[in-house]
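Several structures are given next for inspection.
In the two complexes that follow, chain A is the common piece, with chain B as its partner first and chain C second.
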Partner chain A sequence: MIIENYQHKMAAHCESGSITSLLNHAGMKITEPMIFGISSGIFFGYFHKMKSFAFPTFIVRNKPGQMRKNLEKRTGVKFFTKDFKNQTAGQEALDLLISKGIPTATQVDMFYLDYVPSWERVHINVHFIVAIGKEGDVYKVSDSYFPKLVDLPVESMNKGRFAQGSMSPKGSIFYPRYVPETFDYDKAIRKGIKKACFYMLSLPIPFLGIKGMKLFAKKITEWPAIARDTEHLSHEVMKINILLEDQGTGGAGFRFMYATFLQQASEIINKPELKDFARELMEIGDGWREFSLFAAKIGKNRDLGPDKFKQMSDLLYQRAGLEEDFFKRLSKTIN
Partner chain B sequence: MNQVVTEELRTEIKNLIMETLGITGIKPEEIDDDKPLFGGENALTLDSVDALEIIMAIQRKYNLRIADQNLARSVIRSINSIAEFLVSEQGKHS
Partner chain C sequence: MKEKDGYSECPEQQVILYVEKEDGKYGAMQTGSYLSANYIDDYFFKRRNLEKALRERIEKGEINAIEYYMILEDLTISELAARAGIMKWIVRKHLKPGNFSRINESALKKYSVVFNVSVEEVAGRQSGNRK
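Moving on, here comes the complex of A and B:
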């Protein structure tokens, strides 16, 4: 069966896009940037030495699932969420929900999604899609990165849902089980912004928030010494571009989406100065895009001399300085 | 910019892409207007780094911002999709 009244929409990011579509389907009129902002989705973390990562890496959004938890606290929405150890049980649960007419989001490794063009397929374990039907051995899927509904064979869906590795999906599913008729937007927006400012400025962990950006700026000059060879180094440097721009980031490491949220929030909570913050963050986002392109080009051209890493370090310190100032002022404005 | 997609606009886009990426040896008329610019079907074969560079060049030249990266991906699918996007953006501001 196919859930007929589900409206497929493209989105800037897979998790916030899936949440938006499911909530819209359940009757809540809310935009993707608003969900991203209320749930304090914007973030930064740099991981130089972590067991789960073979090479230093960074994140530009909070961890998968956190957006839903924050949204539950601030809007009253309740999600049903479940992980599975067993593939058969995971498939049966998804099939049962679809048969009941409940569109259900599931976490997958993007690499196994047959409808993704081969040149775009990479192993990313934290992609979210919404299953809205199943006919025979094929699921009907709403993937917010694609303009139309797509088909996905059961075998591929199971491979994607039960892929191994860092942040493995574990067959995870979710859907909204309760959506309130209304909620206090003003309060939710203010709390969302305050928490985002806390994440960026005040987390007492040296590799998160602005501190993480500064650590990234400091440590990136060590990358050539850590990489196995030039090929490996160029691959890792080009991944900067993928993480900031290419794989569902909302653009410029989510800065553009957060700017859109601030713009929408300014109207709702009647705080016109948030529009100025939105404009400023768009410009900050442009800077991240410039940094991303710089990394991508030197990676692609194998132009990886120490001067280039120094330049990247300088650009990152610049980003950190701008965002530190930005979030400090935003925090004062919203308090 | 005109309100409809013109051959002039398509050529302008092709020249912008070639200048931005430093491509020589291909004439604008050799680039198919409708075939994808990615995946090897067109005279131009681009990758994701080229895509980002083109997005930024388009932003600079036409003074607009393509913030959503999924929108960006669909915009730069082909010469025609870029041209249609530019015309629609122009329509919004006219």
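Moving on, here comes the complex of A and C:
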């Protein structure tokens, strides 16, 4: 069966997109940027040496699952969430919910999703999709990175849901079990912004928030020494562009989507200053995009000398300085 | 970013970008992936070269098929061990080029699930029967 009245929509990001679609389906009129902003999704973290990553990498959003928790606290929405140890039980639970007409989000390793083009299929355990139907041995899936509904064989779905490794999905499923008729937008938006400022400015961990950006700026010059060869280095440098632009961020590592949130929030809570912050963040985002396009270009041209890494480092220090100032002022304004 | 600056032609990979519309409002636009539109050939060029180089390393006895897939799929030893449910020190042992034939069927099956290929494909890669 297929849940006919579910409206599939592309979104910038898989988790905020899945949440938005599920809440819209449940009758709540809310946008993806608003979900992202209220749940303090904007973030930065740089990982130079981690057992689970083969090469240094970075993140631009908060921890998977955190968005839902923050949203529950700030809007009163309640999600049913369940993890599974047993694959059969996990599949039966998902099938039962679909048969009851409940679109259900599930966490998967993107590598096992047959409908994803080969060049995008990487082992990443934190992709979110919504199962909206099942016919025979094939699920009908709403994946916010794709323009249309897609088919996913049961076997692939199970491989994706029960992949092991860091941040393993554990077959996790969720759907909204309670959606309030209304909630205090003013309070939720302020809380969301305050927490985002805290994440960016005050976490006492040297690789997270603005500190993480500065660490990235410092360490990126070491990348050539870590890479296997020039083509590997080129691949990793070009991945900067994927992480900032292509892998579900709405562009510029979520900065454009957060600017959209600030613009929408300005009208909802009648705080015109937020519009200026939105414009400023859009410009900061333009700088991030310039950085990611630069990375793609030098990667393609194999123009990977120390001067280019110094240039990338300078661009990153510049972003860090601008964002530090931005979030400090935003924090003061919203308090 | 202005809406006109976000546009890329790539039907194979569509993305959502948040941009400034003509009326000054920020909102979503659906467009092609800039990277895929402009640089996808380079991705496949590097991929082919990496596969070739790894195949040659198998032939020379420098690595075995497990390491071939581990590198191709960007996994570390820790991550591969966690994903396959095999202890790290055993994975290290399995990665030694000469030890491939000593990997038992059950472990080979676990690795092949992680790599999303059949056991036969892994074995074929080792023996050079797959190009």
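Note that the second predicted complex is superposed on the first by the 325 of 335 C-alpha atoms of A that agree within 3 Å, B and C clash if a C-alpha of one lies under 4 Å from a C-alpha of the other, contacts with A are read in each partner's own complex, and residues count from 1 in each chain.
By our rule, a contact is a pair of C-beta atoms (placed from the backbone, for glycine too) under 8 Å apart; a residue touches a chain by one contact, two chains touch by 3 or more.
Here the structure is a predicted model, which means the values were calculated and not measured.
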| item | value |
| --- | --- |
| Fit-or-clash call for chain B and chain C when the two complexes are aligned on chain A | clash |
| Which of chain B and chain C A:Phe111 touches, first, second, both or neither | second |
| Contacts of A:Val237 with chain B and chain C, given as first, second, both or neither | neither |
| Of chain C and chain B, partner touching more chain A residues | C |
| First, second, both or neither for A:Ser166, with chain B first and chain C second | second |
| Touching partner for A:Thr260 - first (chain B), second (chain C), both, neither | both |
| Contact residues of chain A, present in both the chain B and the chain C interface | 10-12, 117, 119, 144-145, 147, 238, 241-242, 245-246, 248, 250-252, 256-257, 259-260, 282, 285-286, 289, 293, 296, 299-300 |
| Chain A contact footprint on chain C (complex, rising order) | 1, 6, 12-20, 25-28, 30, 33-36, 38-40, 42-44, 46-47, 49-50, 73-76, 78-79, 82-85, 113-114, 116 |
| Contacting residues of chain B [partner chain A, same complex] | 38-39, 47-49, 52-53, 56, 65-74 |
| Interfacial residue positions of chain A with respect to chain C in the complex | 10-12, 32-33, 51-55, 111-112, 117, 119-120, 122-123, 144-147, 159, 163-166, 168, 231-232, 234-235, 238, 241-242, 245-246, 248, 250-252, 256-257, 259-260, 263, 278, 282, 285-286, 289, 293, 296, 299-300 |
| Residues of chain A touching chain B in the complex | 10-12, 117, 119, 144-145, 147, 238, 241-242, 245-246, 248-252, 256-257, 259-260, 282, 285-286, 289-290, 292-293, 296-297, 299-300 |
